[in-house]
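All chains are identified by letter, namely A, B, C and D, in their written order; residue positions are counted from 1 within each chain.
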């Protein structure tokens, strides 16, 4: 983009970004990119003492918050603290997968009901809670130069697009999050709040400091066959800067070699 | 259909139908039609003492069960009792809307989080619980003459197709139920269990004994502008009788004059 | 269904069925089933002298018509002849795949443009032409006992649900047919005409006189892993008999073992 | 974006953009933005002598081509000329609506069959023709720094998402274009060619030189209730610069106040 254009699409308002869910992938990439672009950035996680988050604080001034985002009072407190420390959010990223370890690859007859419900609570219900708090604050924001009072982005998964076998609980959770996002978009967009659902139809592989790429599981070969969280963060920033005359509600991201 | 054909599509196995959720609409229509077609029929409801259910027992021999279908032990007990009384189900209908009264028409900023979670528990999570129990039993069934070991039908709503404004919790619940249904279908259909999702994109208006039609709310004018639960029950029976070479996973039903 | 019910859902009007596209699969199954249910049946094909169609005439009194359904004047003439011979149609089945032989498995860089356009003309455009003629006639029909002035069923394929690689022309054709069906449904259903799109997500294997099953290609093993056209025809008849308070617009049919 | 990042996402290859379909909206916005970003730009239209296109040549050095994009030989010639003048395209935008004047708001019973077919030929079939030529050339390109050999963007309409009443021909055309785009994406993305479908669920209102906004029809009030083609062009540029590890296939753009 030429410079004139860039000025135009950048916000005149101080941007405050809150990222809920914190790990070495999309959350870290977002925190870095948003901070580099002049935003005040907070990140909330069950365990904010993880080395990766401590490092984000040191290198990019990211504020860390402890929060179980599936608990209503904890979410209320989180937003109160963020407003106090950074100001009212203009950009919220909900980036929680929510699956509990024991639910992976479990057929409908084997899956533990408690774990299934926890998966929904961790994922879709926490999205409801943080989306609610963000919406309450954002509707009071002054529109930025793109007419946007705030942007709410829900990271989602391919299970939002298709219910896979051996994945009933996650299909429930991801579909629920999509339904919530759609309802919020139809309700909040006419109020100047941009709501987006981003199903990532890919494994995530991030770039390490030495330039090589890594995956959650050791030993998995990663090149550009996996979605790069730095590229996902770029898309999130572009979405936040879209003018309200031309908003996207949903973008599915997948690598060039993905089967779909 | 000619008689030869009808014989062919009817099951040679004793059909046992369990309907979870009980009211004067789809549940009652299903109970009557299934009983008329020679099935043993049970119906589970939080309050099985409702007059409409007592009447079904008298007129059609329908067995009534008390069950809060969002509670895992209650659902386990329900299925144990049904097996004991009627035999293993060959047809399950999950017919619970799940919305708690206070969640109707609430915007995302007003909706009570506890009510939102209850809506999901009542609807999608109870579908998970009864679907799980049914799948465990049905996979042990002998295939009927259509190759079907059992049929699981989830009644759903237009909120499964589209997240409407002022309806975030219900959008979560209905989308979750669709995701679950899809996952179960992909997993269980190759095992001979037919899973179906039926979003009813309509208000429901039932036919009363005097032939006039009624709706949940008094004073609403009902003619063929609303989905007739007797017709919905027919579709459910047709779905149960589909041969496994030619199964439908999803059918959206709406009246001729519905806008969509 | 009990007899009382069956009476209720059968039409009091003389049903006239027209099937456009004629072969040994869905078209023949529909012709037989519709005739067995008391309808007057016509079938249109480029070559109505095929043995399979001649046989339908002998065994079931099906009237044969020569018609290239991608040519407007030919389609006008077809309907004029059908009205003259059988009366105005109350049930139309458009059952043309439309692929020309040379387009199969051709990548976008290899596919012949003329063949691609012919595929669209044979399939979606012929659906437009016969749908138009049927709509003009049906809107003048008297509603039957289900409130239906006529039913228009478009057989479609999995390429209507998903654009597969090496299949660009067919993806265009099948998606076009779905778009047309949707537009017609929204326009005509409030006028009492039931429009349905039926993507068959399956290979078709029909039952031969000796009870074994056959497929278009010799040597393909067929059991209940392929959609049975006799079962598809049943669904079509059920759709035609749905009451207008409870219409389905789309049903995807696939065998139990199909991957989707 | 910070400068380091911007360098990273810019291509090291000389970009050549071809825009098929030329008017004062999306095509002009794309031509200007692409030229400002250092691309060689060509634009093809039935009438390249329009003032708006002549002006693009003067202000931004855009090359103009006469082409009826629904004619195979014309499309072949267009690409030969573009390669000769500008080099092999790395970015193709197909931006043709295709509706002939007489087809607007025509019900299925009134619509002229010839006009319906022309609409499909102008829109989906021309997309097939230019997509085919572009794919043949792009697969020979060297990947740019994002791993992309070329990007093919199809502008589409809300009729691709939903078949509206009184719009059967356009529903066919737009659905066909979506089906084609999907098939091409699944086929070409693993070959390094990025294919995108962009349904614009909005009226288009462009910004005039005096800063006010205008619409195709005089007298229509335009503010940010309509999609701004300058913003659409930004999205197209962002799509072209996505890294192949993280590609989007489809983005629906709509104004904040749009009902959907």
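Note that a residue touches a chain if its C-beta (ideal position, glycine included) is under 8 Å from a C-beta of that chain, and two chains touch if they have at least 3 such contacts.
No experiment lies behind these values; they were computed from the predicted model shown.
> Are the two sides of the chain A and chain D contact the same residues or different ones, given that same means over half of the numbers occur on both copies?
Since more than half of the residue numbers are used by both chains, the interface counts as same.
> Superimpose the Cα trace of chain C on the Cα trace of chain D, which carries the same sequence, then give the rotation angle to the nearest 5°.
With C-alpha atoms aligned, the rotation comes to 180 degrees.
> Hey, how far is the Cα centre of chain C from the one of chain D, in Å?
Spacing between the chain centres: roughly 35 Å.
> Centroid from C-alpha atoms only, then distance chain B to chain C, rounded to Å. What do you get?
It comes to 30 Å between the two C-alpha centres.
> Just curious, how far off is chain C from chain A if you go by their C-alpha centres, in Å?
46
> Please set out, as single numbers or ranges, the residues of chain D touching at least two other chains.
Touching at least two other chains: 186.
> Specify the contact topology among the chains shown, as one of line, ring, star, complete or other.
Shape of the chain contacts: a ring, since each chain touches exactly two and the loop closes.
> Quick check: in the complex, which residue numbers of chain B touch chain A?
72, 107-109, 111, 113-114, 116-117, 120-121, 124-125, 128-129, 131-132, 135-136, 139, 159-160, 162-169, 171-188
> Contact residues on chain D for chain A in the complex?
So the residues of chain D in touch with chain A come to 1-2, 5-6, 9, 33, 36-37, 147, 186, 189-190, 192, 194, 202, 205, 224-228, 231-232, 234-235, 237-238, 242-257, 260.
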